[in-house]
Structures are given as C-alpha cells and as structure tokens.
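Note sheet for the following structure.
The letters A, B, C, D and E name the chains in turn, as written, and every chain counts its residues from 1.
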Amino acid sequence: DGHSKEVKIGIHFGFTGPIESLTGHMADGAELAIKEVSDSGMLLDGMTAVGMRVDSGCIDNGLAVSNGERLIADGVAGIVGSDCSGVTGAVLQNVAIPNGMVMISPSATSPGLTTMEDNGLFFRTSPSDAREGEVMAEILNERGVKSIALTYTNNDYGKGLADAIESSFKAIGGEVTIVAAHEDGKADYSAEVGALASAGGDILVVAGYLDQGGAGIIKAALDAGAWEQFGLPGGMIGEALPANIGPDLNGSYGQIAGSEGPGIEAFTKMSEEAGFLGASPYTPESYDAAALLLLAMQAAGSVDPAVYKEKILDVANAPGEKIYPGELAKALELIKAGTDIDYVGASAVELIGPGESAGTYRMIEVQDGVNATVGFK
Amino acid sequence: MDFLNAIVALANYVLIPGIAYGSQLAIGALGVTLVYGILRFSNFAHGDTMAFGTMITILLTWWMQSVGINLGPLPTALLALPFGILGCIGLVLITDRVVYRFYRVQKAKPVILVIVSMGVMFVMNGIVRFIIGPDDQNFSDGSRFIISARDFKTMTGLDEGLGIRTTQVITVVTAIVVVAALFWFLNKTRAGKSMRAYSDNEDLALLSGINPERVVMMTWIIVAALATIAGTLYGLDKSFKPFTYFQLLLPIFASAVVGGIGSPLGAIAGGFVIAFSEVTITYAWKLVLGYMMPEGLEPSSLVQLMSTDYKFAVSFVILLIVLLFKPTGLFKGQSTT
Amino acid sequence: MTDTVKNTALFALVFGLIIISGFFQGWNNAMFIVNMGLISAVMAIGVNLQWGFAGLFNVGVMGFVALGGLAAVLVGMPATPGAFSAGGLGVVVALLLGAATIIAAVIVYRRMAAGRNRNLAITAILIFGFFVFRGFLDPSVSAIESVNPAATGYLGGLNPGSQDTYRDNGWIMLIAWPVGGLFAAAAAWMIGKAALGLRSDYLAIATLGIAEIIIAVMKNEDWLTRGVKNVVGVPRPVPYELDLQNSAAFVERAASLGFDPVEGSTIWVKLLYAVLFAIVLGIIFWLSQRALNSPWGRMLRAIRDNEVAAEAMGKDVTARHLQVFILGSAVCGIAGAMMTTLDGQLTPGSYQPLRFTFLIWVMVIVGGSGSNLGAILGGFLIWFLWVQVEPIGLFVMDIITSGMSDDSWLRAHLIDSAAQMRLMTMGVIMILVLRFSPRGLIPEK
Amino acid sequence: MIVVDGLHKHFGGFHAVDGASLTIEEGSITGLIGPNGAGKTTLFNVIAGVLQPTSGRVMMAGEDITGLPPHTLFHKGLLRTFQIAHEFHSMTCRENLMMVPGGQSGETLWNTWFGRKRIADEERALRAKADEVLEFLTVEHLADQKAGQISGGQKKLLELGRTMMVDAKIVFLDEVGAGVNRTLLNTIGDAILRLNKERGYTFVVIEHDMDFIGRLCDPVICMAEGRVLATGTLPEIKANEQVIEAYLGTGLKNKEQVGA
Amino acid sequence: MSDPYGDRGNKDLSVGNPKGQGSIMPKASGKTHASPGGPFLIGDTMTGGYGKGPDILHGCTISVDKGEIAVIVGPNGAGKSTAMKAVFGMLDVRSGSVKLDGEDITGLSPQARVSKGMGFVPQTSNIFTSMTVEENLEMGAFIRRDDYRDTIAQIYDLFPILKDKRYQAAGELSGGQRQQVAVGRALMTKPKVLMLDEPTAGVSPIVMDELFDRIIEVARTGIPILMVEQNARQALEIADKGYVLVQGANAFTGTGKELLADPEVRKSFLGG
C-alpha cells in the first residue's frame, strides 16, 4: 500500500545542556531499537526505520519547539522524547498536539504532564514516582532503617520522587530527618552535605542522577565521613557509579525499574556490543520508547500517528507474549501473525493509561564494586 | 569532649570544605582577574579553558597510569600537570593569535571582546566535548585521604570524624604558593611591572619601550597555567565534567568581583567569601548545637536559617552586602582609578 | 552603499535565511523562528536601552524575563480551588510582615547615626523580622502545597474561569504582558534603588545575583509557581489548533486556500501570534526611537560618556539610571510574559543565564550596541542561528565524513558529536560576524 | 556668595584640604593660585559636590550647600569646568553644548513621545545658541566633530563653552588656560570680564599664568598645603614672602615682575 | 565616590576595563635605511591624519639638531600634537619622511623608535595612574639595562615633591604633580632625543622655571629637545629654533628670538 519505504522516528533529547552526558547513551538506546527493527525487515512489509536526532537543549523551550517543528516538517511518524519535563511540555503543547504526533518520553516524569489534555498522544516509559517511592520505602523498612536523610535533584523527577519516598516512608512509620534539594552540575556540594549530616539519619537517600549532582553528593558525604551507606533510587543505579566512587560504595542499595526476566541483562549485553553504556539512566527506557512506537505501528498496520496511537497500550501491556530486548523481530512477526504481545523491554514497561507507566523493580546492592541484583519487587 | 566534637563537626563540614572550595575558586578567579586587568575584558571562556587544560592533563594521566608511572601517595595527575599547562598555553596562544589579536589591533570596545570570548567559549566547549566527551571522567589516584573521617574517629575516640583529603591540602598549598608568586611577579619583577604598566596605559607603555605583544603573551601563559592548575585540582577533588566547568564560571566571576576585579589579592579573598557564604549560611546547626547544649536542651529542629535550596541566592546576598559596604570590592579593584 | 540600503539588505538577508529554512524545514518552523525572533528582538531592545544608551551593565536579564513569565501564570491561570482559603491569608500576612521588616530596617538606617548601635539595631530587626516572616509563611505554604500537589499545589492566578473553562479566557494574556512589564519594573526599581549610582561591576554582579535569587524563589516556592513541577496549560490569546481543526468553517476556508486543516491551523495560530508580537515590538520600538532621538536620549548618551561631567551639568545621573533601568527591565519583562504565553507553560528550571542573559547580550552586541534597529536584527539573526546551527553543523559533519568509510571510528565519533557541534558552530559564527563588523552589524552612528 | 568654613578633605591619612576658610564676594572674579598639590582642585571638587568633605561647611548665598550633589548645585547656578577635560566623547561638539541647559522639556520622556512640536522649537533655539558659543570660541568648524577627536586645547575650550550655555550665578574655572593658546586665552579673558560685568556672574579662577590672573582677578587667594596662605590683590600676593617661596619662585621673569 | 581625576569620569566601566586602552594602532616594524646628512631628527614634509580621517598635517616640517631646543607653537588644533605623534610613529605618515641620526625611520613602530633612543611625553594621559610614582619612573627606564638608580635620584632632586610621594599612586596626584612625573619618566630613558608635548601645562611658576632650567641643562649635554608649548614666550626665549604651525603647515620658522620679535607672530599666537 502507499507507504514510503522508510519511516522516520524523531529522537528529541537535550544533546547540549545539563544532562548532555546522559542523552548520548539514551539516543544510542533508541537507535538500537530502531536499527533492530529496521534490520529485521519485518516492519510493515519491509519498511526500514531510521532515527533522526535533534537537540532539545533540555531547558530551552524555544529551541526544543523549533526542533520539534523540524521533525514534523521532515515527516517523522513518531517522536521519542523529549527528555526534560519542561521542554516535553512545550513540545507536546505546541507541536505534537496541534500536529497530532505521538510522543513517548523515556524520562519526563512531571505529574503535570499526566493531567494535560493530550488527545491520547503522549506516553512515557519512565516509571512512576509514586510507585518507586513505595518500593523504596519498603526496601528501607525491610532493612531495618528507622530514619533517613533525603536529598533530591532539583527538577521534576527528583522532586516527585522525593515527595513519594518521603510520604511512603512516613506512612510506614519511618522518620525523614531532612529533605534537601541539590542542583545538578554545580561546583560544590559541601553545603548540602553539611546540612544533611547535621540532620542525621540511618542512611542518606539520594534521589538524583548517578553522573550528576547525585554522585557529587555521595562523594562529598563519603569524604566527610557522614554516611557509609546510601539509598539509591533508579537514577543512581548504573555501573558508572561504583566505578566512579570506588569500594566505599559497597553495601549501598536501592532499586531500579526492571523485570525479573532477562530484560535489563539482555539490554546491557546488547549495548555493550553496540558500544554504549546501557545502564546509563533512561537509556533502557529510551530503547523501550522507540520499540513501542514501532511495534504499535506494526500492530496498527500504519505509520499514521492518529491510527497507531490506539495500539500503544495494547502492545505494551498484558495479556500477550512477553517481549524482551533483542526480540523485536520476533515481536513484529507475532504481531503480524495476529498474536497479542506484552512488551516488557529493558525497563519492564507497563503503561497504566496514557502518559503513565508502572512496573516491577529490581533490588540492587553494590557488592565488590558492581551492582548486584538481590531480588525483585 | 562534647565541645571537641562540636568543633570537629564544624571543621569537618564547614571549615575544611570551605577552605578547599575557596582555594579552588580563588585560583580560577585569579585567571579571570588577570585577563580583566591586563587584557581588559571579562573572559567567559575561562571555565572552558580550565576544562581544556584539565582534559590534556587527564589524557596524559591515563597514559601514565597505563604505563605504570605514578607518584605514590600523590595523584599521578600532578606529574601530568606541566604537560597539561603546556597544552593549554598552546591553545590560548593560538586563540589569541587567531581571534583576540584582531580586536586588540582594531581597538575594539571591551564589550566586543566579552562577546567574542563567549564565542570562544562555545568553540572550546565543542573541542573539549569532542575529544573527551561530555561524561564524567575519573582520573584521580594515589591515596585520597591524609586522614579519613573513620581513622580520625578511631584515633581520637571522638564521635565525630574529620576527613582531610590529599587534594584539599594540595589545593590550599598551591593556592598560597601561586598567589605569593603572582604577587611577587607583578609587583617586584620588571616583566610583572611592565604588565601592570600595559594594563594601565597602553600608549604610554609603548612609549616606554614595552612590547605589547610580549605582555599579552605573558598574560595568556600565566592565565593558561592558572586555569590548568585550578581545573586539575578541582577535577581531582570533585570530578571532571565539561559542563560543570562551564557552571563554575559563575562563582568564579562572583569571587573575582567581590574581591575587587583586577586585584589578585582580591581574587583570593573573593574566593573564600563566596565559598564560605555558600557553605555556612545554609548550614544546619543542629549537630553542632547538639554537642554544645546541655543535656536535654538539644535542638529538635534543624536550626537552619534557610534551606540549602537557597545556597546560591544566599551567597549572592552576602556578596551584595559585602559590596554595599565596600563598593569597589574587598581590595580596591583596578577599574576605579 | 548608504546606511538605509545596507540595513535593508541585512534585514532582507535575515528574512531570506528564514524563508530558505521554511522551504527546507517547513513553514511552521519558519513561522516559529519569526515568533521567537520577535520576542528576542523585544528583549534585545530592553537590554540595548540599558547598555547601548545608558551604559548600564545588566546581566540579570534572565530574572526580569522570568518575572514576566510569573506574571503570565499569576494573571492567566485560574485560582486553585481551596488554596487561598488554606493558606493564602497567611502568605499575604507573611509577605506584608517581610516588607515591614525591610522598611523598618531602612528607616532605622536613615534615622540613626552610623555606628555600632545602628548596625546592631538593624541586625536585630532583620533577624527578628525574618523569624516572624518564616513563622507565618511556613505553615501557610505547606497548607497551600498540600492542596492536590500532583496537579496544583499552588495558589493559581486571577483567571476568572474555573479549572475547566479558564482556557476560554485567553484574552487575559494580553493583560498579563503589561503586568509582566510591571513586575519586572517593580523588581528593577528595588534593585536600582540599592545598586544603581554605584560602580558597574557592582551593578553587574548585583543583577546577576538578583536574577539567580528570582529563579531560586521561582524554583523553590511551590505555592507560587509550582516550582520545578512546572505550570502547564497557560492559556493563550489565540485559538487552539485542535479547535480550529474541529471547526468546519475553518477547515473549509483552509481547504479553499489549499491547506490541509492541520497545517492550516498551525500556521494560522503562529500567524496570529506573530501579529500580536509584532504590534508589541512596533510600539516599543517606536517609543524608544522617539525617546532616543530627543534631548532625553542626548542626555543619556552624555551620561554614558561621562557621568561626572553630566552630573556637573545638572543631570541627575542616578535618577536617569534608575529610569532607564526600570524601562529596560520592563521591556524584558513584557518579552518574558510573551514567551511564557507562546510556550504555554512556565518552567522555572529552564531559566539559565546562558540562554536568557548572555544570548540576549550577544544579540545586542552583534546587532550593534546603541542601535535599536541593530538590536532587532541581532534578535532575529542570533535566534535563527541558535536553532539552525545544529543542522548546519550536521551538514558540515556530513561533508567532512563523506570521504570516510562507513565503519570508520572517526566517522562514528564525528557524527556522534554532531549535536555538540551546535554550540561550536554558534561560536564560530559569532566570532566571524564580529570579525567582519567589529562594531556590530548596524553600528551606532 | 560662597563662604567656605574650616573645610577639611582627607584622603586616607593625607590632608589634601586642611582647614581652608575663605569667602568669595558676589560679583567678583576671584583668583585661586598655589603650588601644585596645594588642594585647589580638591577644594573645587568639594564645593561642587563631587567629593564629600571630611568636615567643614560650604555656604552659598546664605544656604548650606555642603555635600549637595553636583546636579542640584548646577540648578542653583553653580557651574564648573574640569582641569582634565571631561568631554562627552562620543557626541559632537554641538551636542556637548546643547545638552547643558537644564529643564529642557525634551528631557521628560512623556514629551519625547507626545510633545514633539515644543521640543523642536526649543532645539532650534538651543542649536543657535550652541553655534554662537562655538563661534565665540573660534571652533565653529568643529560643531559636527566628535568631541573625543579634537585637540587637547580644543577640549578645554569646549569645557568653557559649556558654562556659557546657561545663566550661571557662579562659575568655577579650573585651569582653563592650561594648554590654550595665549592669544585665544586673551579673548577668553575678555569674555570672562564681559560675563562678569554684563551678566553679573561670579568667577573663581584657578590659573598658573600670572598675566592672566593679573588681568582678571581681584582678589587673589593663594593656597598651600590645603590651607589659605594669603589673600589680597595680585601685587600684594606677589610681594608676600611665603608665596614667593612656595609658589612663584625667584625665576628670572618673575623676579622682574616682583621687582616691578 | 568616583574619582574626579579619572580620565573618563565614568563610574560605569562595564564588563570590560576600557582604561588604558591605547589609541596607537600597532603596526609591524618596517625597515630603516641610511639617509645621511640633515639635522639629527627631522620630520620632513609630513602629511597625514588619524585613521582613515582627513589629513591634519599638510607638508609640515620640523627638525632639531644636537644640543638644540626647538619649540613648536600655534593655535589650538593646529596639529602640533599631531606632528609630534607623526614624528614618533604613532600615526601613519602618508607622505614625507622621518629621519633620525642619518637614518630613515619612517617605517618604524613607536616601540622601535624608543629603542632607537627617542623619548616622548604626550600631552594627555602621560602617566601610569595606578602605579606608584617610583614605578612610573622605573617604567621610564624599561629599556635600560644598566643601573638607573642614580637617574631616579637626579629626578627626585629636580622635582622634590615626587620624592615625598614616591610610594603614592600617580593617579592620586594633582595636575601639576602628574606633569612632573610625566617629564621625569621621559628623562629616565636617557634618550638621544627628547620630545615634550606641553610639559608645563598646569605646573606652578616655580616648577615651570625649574623645568625650563632643566630642559636647557639637558639640551646642553647634547640631547636635542623638541617641544610644543603654549607658554610660548618663556619657551621661545630659550629656544634655538621656533616653528609656528597653522592648520597643519609651517607658517613661520625662525630662531626663538626672531619669532618673539615678529609682531605678527606675537599678536596672533603669543597673546600680544
């Protein structure tokens, strides 16, 4: 039928700006999925898929919208992005909704986006803060932690997660001695560590990013001897952190969205082969976002966003055969054959309605300088 | 005993980090102040110059580490530092030749040079990210601590620990040495005086037989050295990421201005003012007061004037207050006379 | 070549560039660049008023732009039900007490003789006032913030509509723009009272600092701005694309002009914005041109050249500085409100000096400081480059790597770094532009 | 007109003006002389409000004007020139003059937008006046030249020209003569005399050229080390031993004049 | 409070520090060639102006020989300072030439001329304001490699006030004191030829007399002195040679006495 032979997927991340050190891996992740689908030759009668990267600046609404318009003009069929919540909102309101374009963001977690009238065009593969907060509180409780000091990166992700952890932990009777924000990319974190240490607590929970302020806080806290153990939510889980901090991190623990199955392992291996850091924050989510877009197209038999947007929830959620990273070709085939699939992917995707995602969590403990999985929730 | 604990806690969380951070800012601010004083513009590219010099140092450090050269307890990076400085000098001299010299010859207004330096900042930015990437890089080795908090506790039997890092000590010592050397150089040597003369009155310097190109070159060489030193020490102490170095620009500028821009001594003082205002004002006194207060009277709240969210805001307020009483900066800056 | 011809040619060049980008990247993007260019031009005029004409070095543009954005939310959004009754009164009382503290301190400063006693008294007042202020503020704030924190958790604004209907009152944004100017002007008045009349480095660092403080407040005072959770869905003075797409009349009209409804509606909306922004720009440009080509402008230039002499010639330098500082900041505030309206959201986390202060400075200087036309040209050109250097950089990379084999390591590395090259290309272009016209494209005469 | 009472101005530990007291009579042309560094310019700067005095008072026409800002003093009729020329360098010479008069309606923002007619009329008058002054100073050809690009002496003339743009009560001239051609200086002297006679301006003149002082000034005040050393007519001053020692010296030419 | 002595009188100095930014367009030093004969220093039929602006000098010639004092007088804006700057290579000489000691130096940069032994005191901004008086003098001796302490002592003898103020920033001095520093700085170079642009502007009579005495003394040691003066009568009295410049061209030339005696010169240029 009148399809062109190539489908373009926009990859709209902040390649410059505060999270520039994450976005390279994220884009690699998304492109890995695109390439996998494209190479399989199974997408919609052998269409190829290509990614088109544009910069969102992460915190530059004007630039992001402009580049969003460029994607539309270039005829993309779907957008993986944006990354930061601010630009995501801007692109969604000014580009995606008016043009009826589907966006799947791997990292924008702002609850404000949930309530936006998005015409069913906006989805995210990033896990929900509320759920992660509960899980974290449970884990802390199981380990006998009575009181925590909590610091978060001062953006919507950090703030939302910190709120969730605080309320969940308090709800099960824990004490939160202090909740302090830290800004990413700043020169010095002694002030934060000073205040946190003064407040005390059995453990310091760092709701930040592992190669941003979060790492800086942990370093400073270790140097001052304020804590020896840290609680590490998803943004802090990745091999780069133990590698960077060294043996002092051993014994710290946390959780990351991830399935019990081979999801993240498979993805990590794939990323290693492709030569990028699969464990970098939001990289698995980016892979999943791109994969979901393409699978939904396959399911709808169309690259028209207005058509395939209805299929995204179907392919993402149960029932159906579980699909892990590296199995996209199989998924395409199954869909073509009319079999229902349940995309699990690298980050255990579970979409609970447009714009929200829930999932299982892998419990991690740093042992001997590596993140070891110690269980699931 | 409790009193000791209070002092140790204060030293551990406020004094030592403040001094180390202050010295880092100070060495950075020295570079900014020199460019302002002698070449007469605010150099926005300074943060990225620091990043570039540090990058060269890092690359060499990695190489040295891979072939097994090291300095024992001291970080190997110190061995690579001179080469980093050389690389950085090369870069800034090329930049000066290709970019700044044109405007100098044209007698362009300083503000043009400021904007041009932003252009240079973008370019250096790109070069650094191109070569080493935007990620965090780890290059510190040697022993991290002179005394770690844990050892301190077991040694003294106190409840509170006191951690002193090797890099902190190196930073502070370097800052003192560099400032003293620079002060001596500018005020006592012929070359230094000729630099001041050039900064004061270019035409007259020419009429006294001072070669402006030489002065400019010397300035850039010193600035490159300072930038590399500052960047490397900072990277050893905290971490190396190009974006952070760009962000460092703001506190560095603030330090230079509050100390009196154009004045090397001021840069040092400014660095400490900024560092300490960041660290102290938002400090929660609960811990310290807990030791100081008699039993039963320990504070239950954090005893914090403001949350750390406002640490930058507060440090700027402090800065404004300092300037309100000392409108030309702590040390009379150059732009006044 | 006369100046007029040259200037016309420069403007033609910039618009030519935008039109070319329209051919390659779609008219929506081109129109969007025009809209952002218009807003940037307004900001650049504001900065140019201060710097180009009065020699005031304001590096706090970001703060004033953000205040404009705040105005857009406070005027445009509906009040959060229950939020004001939860803690609104407490906040108001706290703010009044805070203001009273500062006024008391100022009065003491004026009335008492300098010395230790005065310092002690002021310190005591400030500390006491601060704690009273916090005592009233903190509980009210937590009350407000606990009102449905995920979706609101802030006071909201003055839009008469309800949560569901407020978008129909888009006209209110036209009020929000001047209010944004007023907010910025009020802040400028306070800053100017304290900081102007003193040295420039002082002013620079003061404005830089105050901008950071404004952003810190907007990022952390959730009751006012929702902080980093952002306010989305700010209403707009133009129709929504979806409504147009659903309106039969519009679809018909678009079809008769040969547009499909989606493209027609998106372009139409942008066109409406462009008209509104252009009107604002036109008014501001006209007012400032008139003022500057008059004895008032001459007085400003005299002050810029030599304050001491101007003062001796009877010009009240401090008052004039304050006046210009307020005007320029107000213009930036208006632009900030327009920008938030265009974005449809307030994202305090996105204000950062590079984008909102220094980029505007680049516009002014590249355009030619001291020339309003230059500021407008700079606004368009630099904004165009800011968004277009990425494709340019990519293009360059493509050319560079075209000779390399597909799996070459260098090629992969180069392509990977293409996004980083955005800033680099920007830098190179800036240096080149200033190299060939070191006083800016349209220099002051 | 002006009474200076026990004025001190200290720079750090240095007493540039050290208890100077003097009176300037209305309608006089008072000469102020003294060795380099005597504190003459500093005294001017304190009176004109550029510097705050450490202590002491300045009265003008019975009103205490100590520490008032220069622009207020300008509107009270006190004008001054600068020893080191303070021209508005990016403006033309004509504009340098036209900006001087106070209370121009075009200096109010509102009028610049909605009062164009009135401004245009005022501007025409100002322009004519400025051209007149330029002509008087023999620099009419510089009217459209940027003030930053004229010769050192021409800048001094421009300084003087600014004081001629308005009706002043008292004018302080700080070494207008230094660097000005002597023939032209004579013309300037004539103008000062004329302004003094016809319009009743009071002048205070700092000058090191005794001929110039002699032609214009009565009385003459001699300062040294921040204090008033002597007051009187020029011949009286010239005969004063202290003045000779501190200021005039016994140079060949002056010796003749002292003898005369 | 701002500094009333500041050269710009502007509190708002902006991001950059415009202070001290020179006006001399630096240029690469060209070649010299021998051109024997003629006076020690001569600017020969020089024509030129500032930047791309119009000609200020129109075929103006000034020269001075060993042991001579040459004085240039003329109305304001005549081009006296411009002529001095042209001789010193601070602006482009579009036609004509400058020769020093039998060598054509028209193509040399100002610094190169300094090392050839030329000393110059400009009319304005002629001191380093932020440096102490003593450092100003030391900078004058920048190109000297020998011990210059006794020269400094000599200068202090000549201008005793400078000795009192030796550790004070020169920018804080009074107008006349600055002038003394400026001349002192030029004398420190131990130049082969000394050029002074209005050295006595603003100095008190006592200092002026001493300055002239000293200038004569310097000239007697064989150093030619070229000087612009508005205190023309005193200057011409001691001058061996006098030039009257009008609109960038030589109007009258003669010995100092001749010019003083010329009634027209007296009336038009010397104030009668």
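As a working rule, a contact is a pair of C-beta atoms (placed from the backbone, for glycine too) under 8 Å apart; a residue touches a chain by one contact, two chains touch by 3 or more.
Computed from a predicted structure; not experimentally measured.
Peer 1: Starting at chain A, how many touch steps does it take at minimum to reach chain E?
Peer 2: 2
Peer 1: Using mean Cα positions as chain centres, tell me which chain lies farthest from chain E.
Peer 2: When every chain centre is compared against chain E, the largest gap points to A.
Peer 1: Which one of the chains is farthest from chain D, going by Cα centres?
Peer 2: Result for the farthest chain: A.
Peer 1: Roughly how many whole angstrom separate the Cα centroids of chain B and chain C?
Peer 2: Centre-to-centre distance between chain B and chain C: 31 Å.
Peer 1: When the C-alpha atoms of chain A and chain D are each averaged to a single point, how far apart are the two points in Å?
Peer 2: Each chain reduced to its C-alpha mean, chain A and chain D end up 74 Å apart.
Peer 1: With chain centres taken as the means of their Cα atoms, state the distance from chain C to chain D in Å.
Peer 2: That pair's centroid distance is 46 Å.
Peer 1: Please report how many Å separate the Cα centroid of chain D from that of chain E, as a whole number.
Peer 2: Going by mean C-alpha positions, chain D sits 27 Å from chain E.
Peer 1: Spell out, as numbers or ranges, the residues of chain A touching 2 or more other chains.
Peer 2: 20, 24, 154, 181 - these are the residues of chain A that touch more than one other chain.
Peer 1: Would you please write down the residue numbers of chain E that are in contact with two or more other chains?
Peer 2: 2, 4, 6, 9, 13-15, 172
Peer 1: In chain B, what residues contact two or more other chains?
Peer 2: 109, 111, 114, 129, 134, 261, 307, 309, 312, 335-336
Peer 1: Enumerate the contact residues on chain A facing chain C in the complex.
Peer 2: It comes out as residues 15-16, 20, 23-24, 53-55, 57, 59-63, 65-67, 69-70, 72-74, 84-87, 89-90, 93-94, 97-100, 110-117, 119, 154-156, 158-160, 163, 181.
Peer 1: Using the touch rule from the top, collect the residues of chain C that touch chain A in their complex.
Peer 2: By the definition above, chain C touches chain A via 24-26, 28-29, 32-33, 36, 149-151, 219-220, 226-233, 240-242, 262, 265-266, 269, 339, 342-345, 347, 349-352, 355, 383, 386-387, 390-391, 416, 418-420, 422-423.
Peer 1: Give every residue of chain B touching chain A within the complex, in rising order.
Peer 2: Contact set of chain B toward chain A: 9, 12-14, 17-18, 21, 24-25, 129, 133-136, 138, 144-145, 148-150, 152-153, 161-163, 165, 234, 238-239, 241, 243-244, 247-248, 251, 275, 278-279, 282-288, 302, 304, 307-309, 311-312.
Peer 1: Going by the contact rule at the top, pick out the chain D residues touching chain C in the complex.
Peer 2: 48, 50, 69-71, 74-75, 79-80, 82, 86-91, 95-96, 98-100, 102, 104, 106-109, 111-113, 116, 119, 122-123, 162
Peer 1: Where on chain D is chain E touching in the complex?
Peer 2: 11, 33-38, 40-42, 45, 50-52, 82-84, 86, 138-139, 142, 149-154, 156-157, 175, 178-186, 208-211, 246-249, 251-254
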